[in-house]
Amino acid sequence: MGTPLLEVRNLSVVFDTPAGTVHAVNDVSYMLHEGETLGIVGESGSGKSVHALAMLGLVPCPPGRVVAGQVLFQGRDLLAMSERELRDIRGSRIGFVFQDPMTALNPVLTVERQLTEPLIRHQKLSRSAARRRAVELLALVGIPHPEERIGQYLFQFSGGMRQRVMIAIGIACNPRLLIADEATTALDVTVQAQVLDLVRDLKDRFGTTVIWITHDMGVVAGLADTVQVMYGGRIMERGPVDAIFHQPHSAYTWGLLRSLPHGQARSQRRLYQIPGQPPDLLVPPKGDPFAPRNEFATPRCFDEVPLLRPVPGSVEGHLVAAWYDLPAALAARDGAEA
Amino acid sequence: MKHFLSSVLRSRAGLVGWIVLILFVALALTAPWLGLPDPVRGSLTARLLPPTWSGPFSPGPHPLGTDQLGRDILSRIIYGSRATLAIAGMAVILGGIAGVVLGIVAGYFRGFLDALLMRLVDIQLALPLMLLALLVVASFGPSMTNLVIVLALTSWIRYARIVRGQVLSVREREFVLSTQAIGASTARIMFRHILPNILTPAVVVATLELARIIIMDAALSFLGLGLQPPAPSWGRMLADGRTYMSTAWWVVTFPGLAIVLTVLSVNLVGDWLRDYFDPRQRNL
Amino acid sequence: MVRYLLSKIAEAIIAVWGVLTIVFFVTRVLGDPATLLLPIGATADQLDALRDQLGLNRPVVEQYIHYLTMIVRGDFGMSFQFQRPAMEVVLERMPATLELAFSAIVLGTIFGLVAGTVAALNRGRLAELIVMVFALLGQATPVFWLGIMFILFFSVELGWLPTGGRGTLAHTVLPAMTLAIFVCASIARLLRSSLLDVLREDYVRTARAKGLLPGTIFVWHVARNALIPVVTMIGIVMGELLGGSVVTETVFAWPGIGRLIIQAIEAKDFPVIQAGVMLIAFIFVAINLLIDLTYGFLDPRIRERR
Amino acid sequence: QSADSVTIALRVAVNTLDPHMSASVGSDLSVISHIYPALILRGPDLKLQPSLAQSWEMVDDNTWRFKLTPGATFANGEKLDAAAVKWNLDRVLDKDVGARIAGWFSLVSEAVVVDDLTLDVKTSEPYPAFADQLSMFFLLPPEWTKSHNPATETMSGGPYKVAENVPGDHITLEANPDYWGEAADFRRVTFRTIPESGSRIAALMAGEIDLVTGVPTTEIARINASGEASADSIDSIRMMLAKINHQKTPMENRSFRQALNYAIDKEGIVSAIFDGKATVANCQLLSEPYVGYNPDLKPYPYDPEKARELLAESGVDLSQEIEIEVPTATYLQGDEVTQIIASQLQEVGLKVKITEIEFGAFMNKQLRARDLAQLAVQGLAWPTIDADGMLTMFAPGNVYDYWNNAEFGAILDKARVTTDKDARNALYADATRLMCDEAAAVFLYLMPATYGVSKRIEWAARGDDWVRAFDMKPVQ
Amino acid sequence: MSAVSTPLVSVRNLVKQYDGRKKLFGGAGFSLRAVDDVSFDIAPGETLGLVGESGSGKSTTGRVLLQLEPPTSGEVLFKGETISGLKSSRMKRFRREMQIVFQDPYSALDPRMTVGDFVAEPILVHESLSSAERRERAAGLFRLVGLDPSFMSRYPHEFSGGQRQRINIARAVALRPSFIVADEPITALDVSIQAQIINLFQDLQEEMGLAYLFVAHDLSMVRYLCHRVAVMLRGRIVEIAPAEALFEDARHPYTQALLTAIPVPDPRIERQRRHRPFDLSVHGPKPGQELREVGPNHFVLS
């Protein structure tokens, strides 16, 4: 792999709220290579959306503030750019797909209008050329009769088709990077499956780099090359998808995976549940944010923030932020039980 | 409460509004004990005296001057605040209760009752409020009760529409269904669950209505259909004093200022309340 | 669409009928026109004869039914004081009222839109403060006070504009301005908050994520959605202006319908009160029907629902 | 404004141009008087002047004879002769027409055309005030009226004809070139309706209008000081009084009524509220211009002590509330006066409540419901300036009466059929004295007729409500 | 778990049709059969899973079953007694026995009522207890669902999603019902919380012998929790079978499509999985089709 397409360095975002300062994203750093698909999972409120928005200067300000960090995209720092320069990148080289197409797309404009906007803006297409391209895009994302559909409004589309329109907008200008924030959460499983197929197909055809933010471990398992697990505004673990799913080294990842039913049949065995509550980001913990819920936490976990470091003995690119050694701790526990 | 206070303090506009409003209400409540000159009986020899101040901090006998009948304007403004605030307050409460109850009933039962209410609202909207007020006051006389009723009449629909809309959305919330599921009575659902949930927008509407009604009361006074003299009310003072606008500016300026200040502060408080309760409900 | 229109029209007719009924019965409590129509010193017999002639001695319900049947035939009765068909008297005054209402709406809307936009786009800056203070003051100032001040300043002091009456454009300026200030203030406040709401919407974020220019975002994604509540309000304000500019019409001696109705209330001229209020109600309902239809342009979802 | 035009402000709009359908002197009839001829007009000095009738006399107790001006015509050529006058009288009396002023002529039994220029009018009873009444009676062209609606259309027979009529806003008249009488000074006259008093004065100060009436007295000095216009006031024929409802307790009590008269400082009101520009009533409803005025009566002096004594004497329970009604915005500064009256009555120990009531409702209460409050502040004027009309409103059986004094009624009945002037005046003197002694009302003051005129014109101010361009002259 | 003994709940040919609002001038508007001829039984202590695409009528089935909305036709029996069409006064007796838990823990709590009062409300409605006794009962319920009774005086906004769902469940079990409709009770919750709630459901079932109608999207949870599963499509049940039978041997094309569409949280499996598309126009439910038994207790619409 050559130079990274995207490099996030020490990104921190806070929100100034009446109740105090919310530390939404804390010191997040990672790299993303061309053609790679990154799945980001994690607790609700763990900063997944905010960090993605922050990269493109889309965090509402006020109350949001990017307090530190760099986001190098193709070698240039997005955070240092002027709004004008950023505008040229948004929608053209980086596409965004948001969760709920009903709120994220304008209900009173035609699909054509919303789909041609970025084409006219970035590719300087004429209205008719943009329209032709838009029809192609709709066909590409699998909307039947795109010629007729393009003049319609969103409320005339079903949920799955709306999300396809959203994706069509995201990929309209052939972006190098596509960021999808919970793009299928609102969809039915069958429709979700179709959308996921579509994304895989796009990746294959255009080599697009994708950041896919979701709660659904299953989706990540099927789509991502690399998985990043976030908790309390921090990256807890990051690595190739197989490594994360089969040799998790963060207690949070491990808990998350264990609490899933894994296709098991009805049994008297209870599901594993992570004890405790997610952290209050108003008072960020001094140490590892997951420590209070972590049965393997060491005293150090409570005092000092663990840095993301390679997992010894694991595959390349598998990083974890933990002061404890999960496999060892597990082995010790099982041993004790046995 | 602590949150309430700190939120008031943080919003400067809201703070100003609260202070002015509380000041006026306090003055109105304590008027008889402030040692003011009689607001009703004046002296014919003291007509239209300009404000007297013997120094910046030592007001004379009539700090805001006297009116066309030689009555002390300061005293009339303070006593007038009682009538004005009482009328407006009562109209707001009366209209509020009517509007909220109708809105809840219509929104909750929908169907026929709702259609009926919507037609009533249509009728009320198409009926010019000012003319309705004039007609009613002219027909039934300008007593305080009639004024309150007429102002309330012009006001209920604003509550009813908003409350109805809110109820329509609240009744879709699942806790309403779950209360039905436990077998609770309709009355219980409407008053224990729905009412508290629509009260905030209603309170916000009430503040806006209070402001509107004070202005409307002044307009009725202007048209000669305001509160009975000699009891002072701001609208009445302003309306009666307009003849002297160019000869004795103080006769209209101070009651006018009182109206503007009150309406302003009520509006500020209303805006603040709305932001405090629900920043997303801006379009009431 | 046709069905939608029909049902809207039916609703409108019900509204106008309701207004008519209310006004009819309230006016019957208003008092005795005969005492005002006859000169001082009229005898009891003369008064009674006139009441008979005006049909006021019949039971109220009978009068009401008679009135409704007349209306169906397009007859709104004879004005007591003008001795002419009441609707004719009212229609004569309509242009003045419409002129004033529309000038005020147009002026108020234009300035209100500009002011509201400026305030919303300058959140937290001085410009917002200034606009909001003016808007609040505009709503807090009694109209007649403002009107008299305008006359004293612009007409008497400066001699620029006539003190009242209707005629040239110059005559319209002051009354329209007086009303427009209130309209402008309301619209500015509403638009500001509506804009702030829309600016927070997800689709605006999407528009930014598409890299659109701020102008495009504002015009296409923000303004249109933010205008929907403003349009509703314009409809309601229009209603208030049609009948509610009584005070302004009085101050500026504007020969409008509000003034006419006041005069008719004073003179207990029932047919004119009824015809006048009914006409206002009718125009209001018609305008709101139009506004209902314009929603369709702003919001296709509504268009589709019909 | 050009030199030969004049603009007059009216408080209320002109409703109808049909002279027989309105009795409103201050608006409709004033404008109509420019357009249609009358047999007799009343000059600014309140004396009758010949107009179409060159002379008139009572031929016998029940017959009036009028000699008409020869050669008078309407603008359409219709002749203004005895037949035309008769036709007009007949029209008013015709039940089908329903003329609003029919009541004025209820004593007229028939009009007889003696010849083209002579008309006899027979009355069922002696009708001494007939000539005065005719000063408010304007004539329509008979032929033209048959095919036109006089409520909105006009055919001039007077000094002016209608040039433009914008209902509710203004009506513009221009000189009638075919007028048979003396041409007026101004070629154009505009009557503008300005309901709001402040706006009327502003318009005067801004030079938009030449005459306003009903200027609040406090504004007089300001107008004069401004140098833009001048303002003044004269006595009107409208007597302000607090009418007593004798039917309600404790108003049947004479001492109580007298106490009320003593308790009110009429001089004080006049000087404080009206800047001394009003005249205190001489304990009667009439003032000097009225036929039958009693010069011997003097007002009850302001004597609160006496009032308290009388109240004590009356044995009335003073804790009961005395209600004072006053119609809103009807009389010059009437609400202010009422408030002063109220506070002066409180001064002598009464409990008083003011009710302001819209004029129509007030009239309804007075005439239809017959339920006035104990006191009702109002102004009375009889347009023919005649004692009979004014006093009859207090005679038993009259809709206006709340006194029900048989003796008073008997005197009036006698006076009405007495044709001898002195004998009549003696009877009226008795009647007014009775009213004064009985304190049948609380007599207040003559309402001042205030006005403001521009520097361009001279106006012969008058005490009744007529506003006419032909009472004006341009300033040289 | 077959329905040999009397079922706790029986649903017989249930139909719920929504008619579009009638305009003043006639015109039927639209009319939609949200639930179309649905029949099933639930035995005491049994969990029946209900799955299907969005809008297929799952929630409507639950609501009509609980008589929160009147059915258009068909019958609901509870312990052998017909409850459909009962007046609310007669229905009250059954309300104690049947409760509902909703998807959205935010909208299911009254934001203006303390959670203690909210949980105690069913007791207030059905039993005349002193307020102290009521509080005691409510405190017991809080403990039952694993919450500290000291939270009782707080308002919903002070709680996280998982806690709110516990509060909802506490309210639902307040009267010790024998049947609960759980309408997507975990869909809105975070993965790490879902397990907690599922465990709670299971614990309560063990303790109280509850029967559930469990509506869900997440098929792996359904498989984990339910004894039998019904699949709905366009208002109809297209397949109903014991859980294992359904997951191992799905017969209806829609069920098959559904099963292959579930992403499995295992990259190795995911890489092999190909989901089977489903064509509604071909395999959608058609009038006249009926449920046929294809295996023990395994019915498919055909």
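Order as written gives the chain letters A, B, C, D and E; numbering starts at 1 within each chain.
As a convention for this text, a residue touches a chain if its C-beta (ideal position, glycine included) is under 8 Å from a C-beta of that chain, and two chains touch if they have at least 3 such contacts.
Because the structure is a prediction, the values reported are computed rather than measured.
Chemist: What is the minimum number of touch steps required to go from chain D to chain E?
Modeler: Between chain D and chain E, the shortest chain-hopping route counts 2.
Chemist: Which chain lies the greatest distance away from chain D when centres are computed from Cα atoms alone?
Modeler: A
Chemist: With chain centres taken as the means of their Cα atoms, state the distance from chain A to chain C in Å.
Modeler: A distance of 53 Å separates the two centres.
Chemist: Compute the distance, rounded to whole Å, between the mean C-alpha positions of chain B and chain C.
Modeler: Centres of chain B and chain C (C-alpha means) sit 22 Å apart.
Chemist: If you average the CA atoms of chain B and of chain D, how far apart do the two points sit, in angstrom?
Modeler: A distance of 43 Å separates the two centres.
Chemist: Just the number, please: Cα centre separation of chain A and chain D in whole Å.
Modeler: Each chain reduced to its C-alpha mean, chain A and chain D end up 90 Å apart.
Chemist: If you look at chain A, which of its residues touch at least two other chains?
Modeler: Nothing qualifies.
Chemist: Give me the residue numbers in chain E that touch at least two other chains, ranges are fine.
Modeler: Answer for chain E, listing residues that touch two or more other chains: there are none.
Chemist: Check each residue of chain B and list the ones that touch at least two other chains.
Modeler: Residues 138-139, 242, 245-246 of chain B touch two or more partner chains.
Chemist: Quick one: which bits of chain E touch chain B in the complex? Just the residue numbers, please.
Modeler: By the definition above, chain E touches chain B via 63, 66, 68, 88, 91-92, 95-96, 98-100, 102-104, 107-113, 118, 121-122, 125-126, 168, 171-172, 174-175.
Chemist: Tell me, which parts of chain D touch chain B in their complex?
Modeler: 197-198, 216, 218-219, 222, 268-269, 272-273, 328-329, 335-336, 338-340, 342-343, 346, 354-358, 360-361
Chemist: Quick check: in the complex, which residue numbers of chain E touch chain A?
Modeler: Against chain A, the touching part of chain E is residues 53-54, 160-163, 190-192, 194-196, 198-199, 202, 217, 219-221, 223-227, 243-244, 247, 257-258, 260-271, 273, 275, 277-278.
Chemist: Spell out the residues on chain C that touch chain D in their complex, using ranges where they run on.
Modeler: 30-44, 46-47, 50, 53, 81-84, 89, 92-93, 96, 148, 151-152, 155-156, 159, 162-167, 250-256, 259-260, 263, 265-268
Chemist: Write out the stretch or stretches of chain C touching chain A in their complex.
Modeler: 200-203, 205-213, 216, 220-221, 224-225, 298-301, 304
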